Every structure is written in structure tokens, then in C-alpha cells.
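What follows is a pair of complexes built around chain A, which joins chain B in one and chain C in the other.
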Partner chain A sequence: MPTRPARTTSRPKQRPPEQHRSEDDPRIMLDRAVSADLYEPIPPYPTRTEREAEFYTIGDGEMFLNLGPQHPATHGVLRLVLKLSGEQIVDVDPVLGYLHRGVEKICENSDYYHVIDQVDPLEYASALFQEWAAVLAFEKLMDVEVPPRAEYIRVLSAELLRISSHTLFMGFLALDMGGLTPILYSFIERDEIVEMLAALTGARMLFNYFRIGGVNGDLNHEFMSRLGDWMSRAAKQTEANTGLLNENEIFVRRARGVGVMDREMALRFGVTGGNLRASGVPFDVRRAHPYSVYPQLDFNVPTRLEGDSLARYLIRMDEVRESIKIIDQCLNNMPDGPVMAKLPRLLRPHPGRAWGAVEGPRGMLGVYAISDGTDQPFRFRIHDPSFMNLEVVPHLLPGNLLADTMAIVSSLDPIMGGIDK
Partner chain B sequence: MRALPATFREQARAVRAYAVESRAFALESWAGASPIDRLALVLVPLALFLFVGAVVSAVVMLGPTLDFLGANQPLVRFVVVVLGILLLTVPTAFLLIYMELKVIARMNLRVGPNRVGPWGAAMSVVHGLKVLAKEDFAPTGVDVPVFTLAPVVTFLASVMTLLVIPFAPGIFGQDFNIGLLFFFAMGGLSVLGLLMGGWASFNKYSLLGGLRSAAQIVSYEIPLTISVVGVILLAGTMSLNHIAQAQSGSALDWFVFKQPLAVLIFFIAATAEANRTPFDLTEADSEIVAGFSTEYSGMRFGFFYFAEYVNVFIISALITTLFFGGWTAPFNWPWPYNLNWLDASGIGAAWIVIVGFALLVAADVLGLAIWLFRGRQWSAPSAFGLGFVIAGAGVTILIILACIIALDWVQGIFWFMVKTYIFVFVFVWMRGTLPRVRVDQLMGFAWKWLLPASLLNLFVTAAAVIILNLPSAR
Partner chain C sequence: MDRTLKRRLEARLGAQIQGPIRQRHDQTEIRIQPGDVPDVLRTLHDSVDLRFELLADLAGVDTGNEMQVVYHLWSETSPDWLRIIAEPLSREDPRCPSATFLWTGAEWLEREAYDMFGIVFEGNRDLRRIFMPPDYTSFPLRKDFLLPDDAARSPGEGVRNVERPFAPAVVADDPAAGVRRAPAS
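Up next, the complex of A and B:
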């Protein structure tokens, strides 16, 4: 406290008693460290593993940089502790768990219908896929026959959401490289799709639309008119939006050859989705382990060999084109009929286990469910692609520059809700 | 007799209501006057008093004052220049900030600011007030003197470069014979402020931003300076006034046609020098949060912010002066009529006619027309008010046009500002379009491409000056 001259004219103020400041007070520790020039961000506990001890030992000319959990460019609450030498990244320690809510345990304590509601916020940018994985596993568990119209509606709405997710990815990738404009163009597309799905499902982001044995409601007039409106120019608009970045020399130079993930590495870490296909492995759950009506639809699995950030971006843009193709076919082949199977009010599947996996925008979204014969799943395991994709980050970053952190992490397209579960 | 209500507030309301009912009472008693009446009672006498006082003192003091000012011309010039330059920076920064908000919004398919003022034009003023009202905060560990000085250094460095820029014939701060050198010296000082801010903030993002700015500006100063040497060789002088004069004539005499490569190099290097997209690495928000200004708040941050936009204006002004003819018109100005009666030195009947008489007549005619052919929404007062506004705007435009025709310094400022703001727009355009380059690409580009190109340009220009035996070689 700075001393003030004593007041003579007025009564001195009553101060609260001086608070006891112990030696462990972080403010005192920080002040001391600053004045003694000893300030180092060591973990606030004794190191637990050899790897941690090695990472938090600082070399000559190196420094730590906490990137996140509050940082304008990390997606959600990802925290990366970077060990920097100048601008070059020497080592990375990703810190996860800021969004952990124990969703798996919540699901194990909900009955089968409520699980769909619980898993929605995991992949918050594309919630339908997470619902789909859970529903798929439960349908296998209970041997439910889904009406074909419901399957087509599922494919239709999910592919719309895939386009929305990929378009957002494009915008955020550009934003992380300093381009201000593409994100606004992405949000226009995304908003139209989201409003369309809101007309169908009643919600903009957390839809709670898929049901065990079908979907919650049939297609309605507003959805169809919005969809027709949007489809009339979707392909053209996609080309225009991607042209913003594809033909931009600065963007291409920053993304090409950065964060190269080769085929072996991608397979070793269990990377799936566009990130894996950008490394030259044509693995797509829709083709490799077909589900729903995908076997009857005609679409390609775009693959690239480079494995860098640019390839990951281009793959996703190709997937948008394929998704538009799929939506077209869905609209042409949509059968009539019910959208829900007949099911009892209370579901008690026989004891058993089932694995349901769908191809989400970020990769294979899987759910492993075990039933013990009650109305709640005994075990509900969620396989999240973002988590697998993020595992390669500590291996891609070292050797690159600080600015490439964004180009690499953003091109892997993580969603923290699914990673922290 | 009414019964007075219980509380003071209700009493006051009753008194006011009574005052409104009987207007005569309102002006008889201060307590009964409405707020507007009170304001009028204060302001009208005050304005009358000030007006009479101003007229009397003008009559009494005008002669001696003019004599005094005439006797101390250097002093007057100094004060006017300092005030003028300091006062120029704030509206310039406001205008640029508003322009950037609005133009980038349009490029993003957004509307942009549209709430404060007409078309949101007062947005940057509100930004300025907000920044002023914020807490001036220095975090733990900050080196307070350096932390405080840094924005001042940056801002002053920018402002001082304005000193040598010629806005029009006769309108400049100071005509140095080393004007360009002074410009680069002062422009180079601004990096010192960024470095100080980055170092003193006790924040790693700030430190990285400060170091990046130092590395970037040191690298780009070299091609920037060398690319200008060609112009110096052609003009034979480093005074910006003389460089602008050397390009007078038509647009074909501008140095942009004699030094096309230098313009390109200068533009790129100047973008890096002003820390603008795609070279805004020092404040790359997706990498190092806000760079050197991460820990700044309040008016300290405001100074950095202002300096950035003033820098954009200055760089555009310098490009205009060096390569695009400065204040010279892009074509010869053949005006056949004699407009001497409009000359400011002969203030006379013409001005009074235009400003007073014509304005009133035009306002009445327009107001009458609007009132006669009004739609349902225009009452008579608003019709005449609108007529007055339109007539006023028309007369203002007429006066400006007359001044442009008659006065060469108004003409000079007009052309200078038009050209400068075209380049300001290009800077804003680039910000809306381009992503950011990486540090190594930035450095590689400066040393591998810009520097050799600028040296080549210098060599070719020097050879041409000697071989063609241009006047500046003699």
C-alpha cells in the first residue's frame, strides 16, 4: 500500500484489518519471483511423469508460452503449452479437460431415449452425427428396423450439417491465418442450413431429432422450400466461397507443406475422416462399413496424398461437393411411408453389446453400448474423432513456427465438446 | 387553490405542469421554468454578450493584433503548424477508423456501424470516448515508466512525420532540404515505441509482438529507403515540396511512370512499415493475441490505435507525394474565366451575395416547393427546414468549387486528399481481402526479392540519369 499524507481536516478512514498474507499466497510468490527475476511457469505441482519433467525443464534461450484456454484462435478451450525457441516451437504439451462433464456416465444413468439428448452438445457444430452414432448402436442392440423414408431423411439432414460444418471450417481456417472475410461468407451458408434444420427439427444447433427407429418428424413445407431455395445456388456459392481461398497465394503458401502427416503416422494414431483421407488412406465409414442407405447412393471418397494443411482443407471442400450430390439423390429417391418404427414406450433391450459408427465431418464417430437388460445402458463409450485427431498435434507442431500452430490445429478441425466429453 | 402533494418530486412535477398550462408563468419564475426555458434563459443572454463582446474586441483589437502577428511571423507559423498538425491527427484517425469499419463491413456483406450518427459516422468518436473512459491499468511486473512512455513515443513519431508532408503549395509544416531523410528517421522511431511497449509489458505475447515489429521494420526500411533514391535522383532534391513540384504538369509527368518498379517496392515495404495486413504480424490476433498492445488499456491503447491509423494516412500521403504528383492536378487546368472577385484577399460583395442572399433565396424557394408538393409527412416548418439544409449544402458545394477554381492551395489540398484517400482505401481493401503472411515468408520476401529489386531499380535509374544527361545530373 502506498503511504498517503495524513489528513488533518477529516476523520481518518476506518481500514479493514490487514489480511494475513501467507508465504503460499500466489500474489506474494509472483511478486517475489518477479523481483528476483526467477519467474518460470512450472506446473503448480511436483511433476508426475518423466515426460512432464522433461517438458517443464527449460533449455537455454527457450521459453514457455501458454496458448489458451482463453485465446482468440484456439477452438474452444484447448490449451497448448508451447516451448518456444524464438518463434520456433520446440515442444508442445496439450492440456485438455476444461469442458469435461462426464457425458458417458450421464448417459449410463439415463434411459435409452434420453441418451440422444445428452450426446447432442458433444459435437456441437454437427450434433446430428453424434445422435446418429448413438441411435445406430441402440438400433443394433434392439434389432429395430428403420423405415426407409426415415433413413433418407437422416442422410439428408446429416449431409446438410456436414456442409455447414465444413463451410465453417473453411472460414475459421482463414480467420486463423488472418483473413477476415471468408468467415462471414461461411456464416451465411451455415445460417441458411441451420435455419433450414430449425424448420425441420425445431432447434438450431442441438437438434434432438433422431430417434431409435426413425426421426422425430416428417419433412415439412418450410424445410423443403428453404432447401430448394438454397440448393438452387449451393454448388455455385460453394465454388465462389472456396475461390476466396484457393486462389489466394498467401493462403496457399501458408498452408502448403505445413503439418505434414504421413500415412503411417495417421494410421498409428487412429486418425479418421478428412484428416486421414488427406494422407492418402481412402477410409470412409460410409463406404468401408456401410450403414443407412449409403450403399444405394452414388458419391466419391475424395483422397489426397500430400497430408498437409492445404490437403486437409481441399479434401473438405471436395466433400462439400460430394454432399451436395448426395442431397440431390436423396431428394430424388425419397420414398413415401412412415418415419418412425413401432416401438414400446419403455425400451429394455436384451443383454448384449453393439458398436455403431458413422462418418462425421471430423471422422469416425462411434458409440459402443452394452446392455444389461435394464432400461439404461450398462456402458456407453463414445469414440470421438476430434480427440484422435488432436493426438497428432504434439507430433506435427515441433519445428514449425508459432504462426503455424493455428494453420495446423485449425486444419485438423477439433471440436472441444467432443474431446473433453 | 390546489392541495400540494406530499413528496418533493410530486410537488415539482405539479409546479411544472402548472407552468406548462400557463406559459406566461413559465418566464416569470425560475422555479416554474421548464428545462428548455432555463437553458434558453442562460444561453441566449450569454450568446448575446459574447457576440457583442467579440464584435467590440474585433473592432478595437484587429489592427494591433494584425500588426503583432505580422511582426512575429516565424512564431506565428510555428504555433499554427504545431496546432494544425496536432489537430489534424484526431479527425484523420476518426475518419480512417470509420472508413475501415464501414468498408470492411461492406466487403464482409455486413452493414457495419449504423447506430451512432448518420450512417454510423460518429462511431469512431464513440470509440474514442470509450477508450478515454476506460481504466488506465498497469499489470503486475510492468516496467511502469517505459510502459507509459511507449505509446507516446509511437504517437509522436507518427505525428512528427506529418511535419514535412506538403499538403498544397504553401501548406506544409516545414520545408527541409532533407525532408525525405527526416521522414524516414521519424518513421523509424515509431518501432522504438512498439519495442518499448512489447518489452515493458511483462507478457510473452507482447514481447513476441515487439520483437517481430523490430525485425520487420529493420528489414523493410532498407528496400523502402533504396526504392526512394530513384525519385531523389530524378528530382535532384530531397525536399518533398520540390519533388511534388517536379511532377507538375499533367498525370504523365508523375514519377509513377518513370519509376514503376519503385512504386511497387515502396508500396509493399510501406505496408509492412505501417504494420498493415498482410504484414500485420506485430498484432496478429490469431497468433499473439494483440501483440505489443496486449496489456494496454484505456488511452494508452488509444494512442497506439491512433498512431496506427495516422501511419496509414501518412504512408498514403508519402506515396502520393513521391510518385503520384502530390498536390498537382492530374491534368492542366485551363480555366478561361477570371474569378478574381472570389479571391479571399478581396473579401467583398461576392461572398456576401453567395453566403447570405443566395442562401436565403434558395432556401425559401426550395422550402416553398417542398411545402407545396409535400407528401403527408412534411409539415410547413420541416419543409422549410429541409429546404434550408439542401440550399445550405448546395451553397457550400458551390463555395468549395469556387475556391478550388480560384485558390491554388484549396485546389492542391483537394487533389492531395483525393489521391491520398484512394491509397487509404487500397490499404483498407487489402485488410479485407488478404490473410497474414508468416514470419519467415515476410523476411524472405524482404531480403530475397524486395532488396535486389530496389537495388536494380536504383542502378537502372542512376545509369539512365547519366546516359540521358537529365537535368538533375548536371
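Up next, the complex of A and C:
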């Protein structure tokens, strides 16, 4: 019998917890090289530009943090590489392209009618506006006269969608700051509008409703009855919804004075829409370059001077009120008549160039179309407002705390479908 | 159409404008040499009677023969959009001065034009690809970048869902076959 070793007073010590390392555990296959690749934000290639080299040079006490592309608060697949010093943001490098589908190339290889359904999924929260920009450019290219009833239907359906988009913005802004309630109310509103538009267009999200020279179908009974129902309480419901946030001290304190963008900065960055108007520039394409029947409608362009997250939120809520006014006028002034101009089945506009821009919920949506006389656009350039609005982020975030990132980014309301094209 | 804008542009820019000023619908169009871009943009932005403060868009265009950079500007002094076409840029080595000295926001627009067309904007300090991955080598929106199922450009392949009543303009043995070229206008 083997002799047992004499028991010593000190038992074999258990390893202290910090020594339980995963690389010692045979069950965990941990490839050091792979993990270094995964978690190292420094690009594996030589830095391409001066700015990239500057960003990826880490200073004393600084660290990188990847936010996204799957982070729920980044509104789609946006990746922000943050350079942090403690909890303070030093620099930001947004990485785009996770949703790039090459819509411009697809549009240049499809005919004029098909372009409309290709551009739908760009701004998926407000698809009609992107369609509108495209058909506006094409109508200028072909000198098409749109019947007045079609123009009124366009304004009516687009303003409904603007309300839906802004209400959704309110909910997501609150959600990103940790408030769960407003998003539930946003979705009630949005669902009613979306069902209404589904009755009109046949789809809930990607409508494919506008046509070159008009719209796809006339107003119908179901749409009108749903709209009447909703309009009877829309103004009251909007006040109730905004009251949830306007009177919430936590929200107001977190949003006020954060991400301030002054007039010059906003213009220098080509920011448009509510973000520009929150900085004091009354630029609204509906007034600056009137299209459709907007010159005949009476509405205000709300403007604010603060330029912070709270102002950007309040501007959008003011716009909802203006949109309700516009819808009311559309219903009162709606003329009779056809909803489509007479056009040939095969469109081949004369060689030429046209720029069409409309005011979407996020800013100016533009389309630059070149025709070479064939049935496909020779060049189809899409200008998306979210792209420009997101470009300001690296200049708004530095100096703020990590927790304010989303309060700023979501107040700019980016939609990645449009940014990545 | 804004007739006064035409007169103001002629007075301010004079010889820098190449060819006639064209006006159609709510757009006024001028053409300039790529080398004049900084001067012209500076004049348009700073002149008290022009004040084009907002860069609405910056787009690259490949006409098949040459490259262009197209700017759209907005000013509260005019009801027109102003379109500036900087041309010609060679297709082999397209280079154009950057507009970032005036509009910082042009930085990403120029990155996009670089990514899609390979146009190099001199003076842009962050000119790297923005949508395509860093190891990508092509420029997808160029006219010699063909889609595999691009039936319109490759006769005999694929199916088109719209009747095509005219013969394809290019011949398959032509070395430049497949490149769609814009008319000379």
C-alpha cells in the first residue's frame, strides 16, 4: 500500500478566481489570433487617409468602443467606433455600408416605371417621399402635367405619412433615453395611419403608389372612413402624446443643451429638414422651391433657435400640427377629375437633366436624373437627408458622455436604409 | 425660371462660365472647368447678391466619354436651384478640387463620389471608401461596370420585361462594347 503523503496543515489551495482563465479550460476553444482580430478596431490595412490615421492613433488613457452595427439603439445597421476617455467621447468614426444595395445602379438598369419600386425601401419609414422625389424629377424631365386631384392625393397621403414618421421618431427618441411608454402610443398612431394608407395603396410600408403623371388609384371609401375617424381626434391625441414627453422632467433635462448645432454649422454640413430649422434656418423645400399644390395651402414653417436635441424634437411635434392643418385643407379643397395623366407605356424622354427635390420628414430628398433618350435613366442620383444629418454626428458627439450618444443620434433621426442606399 | 439670376451670374462669374447658361423649369445650369471649382463656389457663396449658402447635392457622373462633378446649390435670393457642372474630368485619372473648404458636409458626398466613380477630390482629408469595403477595387457606378444580368448592354443574354423596339447601339467586337455613352449635349 502506498504511503499516503503526510497531511500538511496547508491544504492544496484552490486557485483564486482571477486565475480561472478561459484559455486554461480545454472545453473552450479560444483562438487568440481570432479574438484579437475581432475585438481590435484598428484597421488591419495601412490607414488610408490622414484623418483615419489620426483617429486610430490612441492617446494616453483612451480606448475604443464599437457601438453597433447590431446595437438596438443605432436605428439600423450603423456602426460607430467611439474613442473614449473614461466616459467622455473624444472622437467618433461612423462606419457605413452594411446595408448598401447599389440602388442607384439598379435604377440605371431598370426602366422609368420600375425605378419607383426600387426607391421605395430607401426611406422605409416614409417611402412615399422617396417615390415623390423620383417622380418629380421624371416629370420635369418629360414635361408631364399632373392632374390637380392627383396632386392633392399625393399631398394628403404624404402628410399622413409625415405624421406617422414624426410620431415614430418621438417614440424611438424616448426609447433611446430609457422611456418605454411613448413608443406604445406612437405605434397606436402609426398603426392607424398605416392601415389607412394600406386601404388606399394596398401596402402598409412600401407603397409603390405614386406614378409618373399621377397616383395609382383614387380615394376609396375605406380610406376616407378611416381618415375621418382618425381626424376627429388626431389633434387631441397629438397633444396627449407630446404631453408625455414635454412634461417629463427627466427627458427635458437630458435633451436640453445636448448636441447643440448653430446656424453656421448646420449650413456648413448641408443638414436639412427639422434639424436645420431647429438651428434657425427657415429652409423648407415646400416653401423654398414650391412643388405640387403646396403654394395653395396655408401652413407655417416652424423654426427654433436653440439647435439642441430638445429643439429638434419640438420642431417635429410642431410639424405634426402643421401637417394636420394641411390634411384638413386637402380634404376641403380636393377637386374632382382624373388621377393619372395620359402617358405612353414605354417612356423615352428626350436627352436632358432634371433635379427634383421634396421635403421629407428628415429633410430634403433629392433626385438628379439624366436621360439619354432610352427607356432607362442614364444617371439616377439619390440625395438622402439622413446621410447629411448623420455626417454631423462626429462633430456633435465629442465632449459629451457616452450615455448622451443616443440622445443626440436619435434626435437627428437617421434612417440607415436611405443612408446606405 | 429666374432671369435675374442669369444676369447676376454673368456679372459675377463672367469668363469662368463655359458655354451658355441653360434654364429649364426651376433649374439654372452653368458649366465650368474643374480647376475653377474653388473660385466659383467661393464667389457663389460669398457674393452679397448670390449667397448660395446650402450645398444641396454633390454627384459624380460618368458620361461614358468623361467624368463630371455636379453641384446643386440653394440660395434664398433666387427661386431656382443652381446646378454647376464641372467638366471634363478624364476617365483614366479623374481629379477635381474639393469643396470641403467651404462646406464641411461635402466630405462624405465626395467620399461617396470617390467610392462609386473613383473621382479624386484634392483637398479632402478623409477620401476613403464609404459604402464598399476597404479592399474593394472597382468603381461600381462607372458605365464600364456591367451587371452580370444586364441584358440591355449584352445582346443575346437575359430577358427584358419591356419591349425594346430599337437595336442595341454597341457591337460586341467593339473594344468599347458595353459602355453606354451620353449624347454630346
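We take it that the second predicted complex is superposed on the first by the 381 of 421 C-alpha atoms of A that agree within 3 Å, B and C clash if a C-alpha of one lies under 4 Å from a C-alpha of the other, contacts with A are read in each partner's own complex, and residues count from 1 in each chain.
Keep this in mind: a residue touches a chain if its C-beta (ideal position, glycine included) is under 8 Å from a C-beta of that chain, and two chains touch if they have at least 3 such contacts.
In this text the structure is predicted, and so the values were computed from the model without any measurement.
Student: So if we stack both complexes on chain A, do chain B and chain C clash, or do they fit?
Tutor: Fit: chain B and chain C sit side by side once superposed on chain A.
Student: A:Phe169 contacts which: chain B (first), chain C (second), both, neither?
Tutor: neither
Student: Please indicate which partner A:Phe207 is in contact with in the superposed arrangement: first for chain B, second for chain C, both, or neither.
Tutor: In the superposed model, A:Phe207 contacts neither chain B nor chain C.
Student: As a test of reading the superposition: which chain, chain B or chain C, is in touch with more residues of chain A?
Tutor: C
Student: Which holds for A:Ala403: it touches chain B only (first), chain C only (second), both, or neither?
Tutor: In the superposition, A:Ala403 contacts chain B only.
Student: In the superposed arrangement, which partner chain does A:Gly270 touch: chain B (first), chain C (second), both, or neither?
Tutor: In the superposed model, A:Gly270 contacts chain C only, not chain B.
Student: With the two complexes superposed on chain A, say which partner A:Tyr294 touches: chain B (first), chain C (second), both, or neither.
Tutor: neither
Student: Considering only touches as defined above, state whether A:Ile250 meets chain B (first), chain C (second), both or neither.
Tutor: Only chain B is touched by A:Ile250; chain C is not.
Student: Report, in whole Å, the shortest distance between any C-alpha atom of chain B and any C-alpha atom of chain C after the two complexes are superposed.
Tutor: It is 25 Å, taken between the nearest C-alpha atoms.
Student: Which residues of chain C touch chain A once you look at their complex with the stated criterion?
Tutor: 24-27, 29, 53-57, 59, 61-62, 70, 72, 74, 76, 79, 81, 83, 102-109, 112, 116, 125-135, 140-141, 145, 147, 150, 152, 162-166, 180-183, 185
Student: Quick one: which bits of chain A touch chain B in the complex? Just the residue numbers, please.
Tutor: These residues of chain A touch chain B: 27, 30-31, 34, 39, 63-65, 71-73, 87, 174-181, 184-185, 188, 248, 250-251, 253-254, 401-406.
Student: Which of the residues in chain B end up touching chain A in this complex?
Tutor: For this pair, the touching residues of chain B are 104, 107-110, 140-141, 202, 204-205, 208, 212, 277-278, 280-281, 284-289, 431-441.
Student: Mind listing the chain A positions that touch chain C in their complex?
Tutor: 43, 45, 48-52, 96-97, 100, 102, 104-105, 108-109, 111, 140, 267-272, 283, 288-289, 346, 351-355, 357, 364, 366, 368, 370, 372-376, 378-379, 381, 383, 387-388, 391-392, 395, 420-421
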